[in-house]
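Below, subunit A partners subunit B and then partners subunit C, in two separate complexes.
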Partner chain A sequence: MAKMYTLSNGKVVTEPGNKSIIYLVIVLAITSFFMLFIPIDWKAINFRNAGFILGQLFTPTSGQTYRDYFAFIVSTPVLNALLETIRLSFGGTLIGALASVPLAVLSARNIVKKPWIYQTARAIMNFIRTIPMFVIAVVAIFFLGYGILPGIAAIAIFTFGIMTKMVYETIETIDMGPVEALDACGANKVKAVGYAVFPQVLPIYLGYFIYCFEINVRSSVILGFIGAGGIGIILYNNVGYRYDRVGGVILLLFVVVVFIQSITRYVRGKLQ
Partner chain B sequence: MIKFINVDKIYPNGFQALKNINLEINDGEFVAIIGLSGAGKSTLLRAINKMHPISKGEVYVNGQEVSKLEGESLRMMRRNIGMIFQSFNLVKRSSVFKNVLAGRVAYHSTFKTLLGLFPLRDKKIALEALDKMGILEKAYVRADQLSGGQQQRVALARALAQEPNIILADEPVASLDPVTTLSVMDDFARINKDYKITIVANMHHVDLALKYAHRIVGIKNGEIIFDGPVSAVTESKLIEIYGRKLTSDDILGE
Partner chain C sequence: MKKIPLLHRKKYIITHEEATVERQLKEQPKLWIYNLILAAVIIFLIVYSFTDSQINLSRFANVWPSFKVMINGFANPNTEFLFGLFDADGSIDKTTIPYLTMQTIAIAFVGTIVASIFALPIAFITAKNVAGKHLSKVGEFILVVIRTFPEIILALILIRVFGIGALTGMLTIGLHSIGMLGKLFAEAIENMDRGPIEALDAVGANLWQKIRYAIIPQVLPDFLSMGLYRFDINVRAATILGVVSAGGLGTPLIFASNEWNWPTLSSILIAIILMVVVVDLVSSKLRAKLV
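Up next is the complex of A and B:
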């Protein structure tokens, strides 16, 4: 397996063995474990149904025109619900993103040298990340009542988890030179973080913020299904009944997400 | 005054970086520490402000025993010692002014510094430090827009803004081109002369050390094997310090 080269001066160089075949076998084994034994009921599969519903989503229902189809999308209740979705997503993202900063700093191994601190911080983060947003929302409704408030709480906690993880990983990649310089100036830990860490992390942090906002606009739709506010309620009321309206709401969300992404691009460009 | 008494430094991996160092540096001196890479120059320099704690012995700075200082008292000691690094260690995304103002953080509360609430006096100190380095007009430019020599001047301004009585420089010109190197070394000489600031610099290039410093400390395998004025340095001493004849790598040339 291992190749050997004899140089003209008699020295022998041994090339390290190639392990890629072993890795290929491992990858194939893992893949087949997950993919090969999925039970499939061939009788239940009906691609016609899929095509039928897809057609329903983006065409007016019988007896209506495209004028009616788009009139629904821009009707006041739909736009109000959309506004509610954007508001609760933004509010929740903002709260979660701000709250994530201290925990992210405490989770970063290059800033906090004591293992028990960053391990505790990461344990808290991982626990929060394990709870599905849906469950957080159900619990939040239980003590905050129905409406936009439990939605904000659910998104804030969800965002807190992912932002903490992304931000601490970013902190661990920064240039430590400025931190050393601040230490040498006699700065304490908090000052060093404020002057040497935050400026380096800030543009990436803002990028993550907008990314989370965009994810949250889409994923918060599920919150409407359980009464935690937003446009999900309109989807909930029309799924299985008026697929044209479901399709209309999906188109609307698509436009919003594209819009947020164009803002992201603009802001990223400005921050370079 | 800086004073080392029987200082040893052993790293956790067992490597002994400093062996029985005894050294006294008086106020206002310009001392160059020379030696091969890995000889212990950096460790010696960083023992002064406890960026690397020592294993044995005592280090005194301005009468205080550095190895005993911790927390707030350590930070109070450090704010009187400027430090210059090979790679400048500026926050590249921040403005030059903000980088220099960072030299003032140890003088104010955490709350105020994080909000950027510096008294007018401190802002003037920072701007004056930039003026002393001849780059006042760059104050509101981002640090990464500057050339290497200018960035090292910003780092010097940050050190000056601390109003220090000692500046430690760890290979301050090693990432600069030869022409810029000479002008930055001129800056060090000027700071030493005009503001009576003690300068201790690790230098790789022997000719630069001889040209700018008053006193040379030669270090080999963690031990001081030469300590004397520039005039006492001889070719054979240098060969002893470097363990070989000097090569073109050890000399900047002009």
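Up next is the complex of A and C:
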């Protein structure tokens, strides 16, 4: 029962009830319902394995030295696969980012005034965004065969979806003054967008591009597992018997991702 | 041609030749050269990224027949697999889509809860206005390291400790999400308004009362909204984990794609798209209520 207080002016107020308990119970109930779908097999859990596998990953296998361990990381096949990962992420991101521009303009409510156009454009974008990249890759393999071609296609389509969303949201926040000025001069829609919208959006667009590239390098590891190119194939081939090689590739990826992240942060800082 | 005065002032006459707009146009750098170079660089990068891709027209010859096969698959989904709830002996069938879809959502949901629980203390360490500058650097480093590992690699490591199945998937999602949730939580704490804390200080509240009445009411809506946002992302991520047998819809997807069994494959794709759309809708409705 909520507490009642009588104030000095005679007003009676009730203390608001504490709702956090109710929320906590709801969250706990949903969590325990979902836990029904996550079977826990206590016998299969082996915490001792944790230390064991870390040792396996980051030390050479028996009969080899750290020299061999690091020689594998910088061996030609591994570096080629790494280059392939970067190349396919970059190419896919570039194609997707370029292709997203027209759809983003069509999705922006302040540029395209007709609801049926921007709603159709957004529906296309939302549909593409629902499909996880790895699912796009599986379908792309079916269409194009194995290799880095479906990888590039998957990354391009995935980037197209998220870039369109981010760019159109940016376009909707721009200053419409220059667009109206060009309209008043008699410029047509295409010219108005080119001279008044793009210059305002460009720095933010480049920032998003780099951000997408960073995400794509990380998520493209999965592509190798399903045969769509990149360094994932080396992980896939060595999982199960050469954990030292898996660990080596993990270290290499870690260094590369940290390197790309620091470049990203530097460039984004410059752009803003 | 005679010069026609455009604007008469006593001291200064602007002619057509000197009109500011035209002068501006003449004086501006030759943009087309930059544009040409930029276009060349972009085309070169795209072409370069396609090296070793064995791209040729014959790769695209299969697109139309494949498309027909795919459409045929979508027209005849494997309904037994798509809707089958129970086994022959009446117990819940754990190999069909309804169960696996719920399992995928469960992996994402419980994973997000686990991540939020661990992200909270790290976020308080990372927030510059709570912890000092040095401690904040430590927190940031932890978060960056966690974020850097792709999910699939975490799953590969965790699967050796927790075995094959959804538990590993849930823990992978949980561990991976700490990185981003911790960062977002820390930003929310940093953007907090200090006014209510000072007000409670002034009336003599103790630390717990300050946390309860000044900090939690401010950050809780933000935290919940970020958690829901991450849950959205995690539902998509949870489909990947099946590739390494860490539960969810990914495992049957990979098996069906190995033999291009389109009736089964299309059922899984339908389930994934429906699942993501429904989760997106629910979470965006909830988030709109929170903010």
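The rule is short, and it goes like this: the second predicted complex is superposed on the first by the 220 of 272 C-alpha atoms of A that agree within 3 Å, B and C clash if a C-alpha of one lies under 4 Å from a C-alpha of the other, contacts with A are read in each partner's own complex, and residues count from 1 in each chain.
Note that contacts are C-beta pairs under 8 Å (C-beta built on N, C-alpha and C of every residue); 3 or more make two chains touch, one makes a residue touch a chain.
Keep in mind it's a predicted model, so treat the numbers as computed, not measured.
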I'd like to know which partner A:Gln200 touches here: subunit B for first, subunit C for second, both or neither. first
Which partner, subunit B or subunit C, is in contact with more residues of subunit A? C
First, second, both or neither for A:Gly186, with subunit B first and subunit C second: first
Using the touch definition from the top, say if A:Ile222 reaches subunit B (first), subunit C (second), both or neither. second
Is A:Ala140 touching the first partner subunit B, the second partner subunit C, both, or neither of them? neither
Between subunit B (first) and subunit C (second), which, if any, makes contact with A:Pro178: first, second, both or neither? first
List of subunit A residues in touch with subunit C within their complex: 20, 27, 30-31, 34-41, 44-47, 49-50, 53-54, 57, 84, 87-88, 90-92, 94-95, 98, 130-132, 134-135, 138-139, 141-145, 147-149, 152, 218-219, 221-222, 225-226, 229, 232, 235, 239, 246, 250, 253-254, 257-258, 261
Within their complex, subunit B touches subunit A through residues 49, 51, 72, 74-83, 85, 87-94, 98, 102-103, 105-106, 110, 113-114, 155, 158, 162, 168
In the complex formed with subunit B, which residues of subunit A make contact? 175, 177-178, 180-188, 190-191, 194-196, 199-200, 202-203
Mind listing the subunit C positions that touch subunit A in their complex? 42, 45-46, 48-55, 59-60, 62-63, 66-67, 70, 99, 102-103, 105-107, 109-110, 113, 144, 148-150, 152-153, 156-157, 160-167, 170, 216, 236-237, 239-240, 243-244, 247, 250, 253-254, 257, 260, 265, 269, 272-273, 276-277, 280
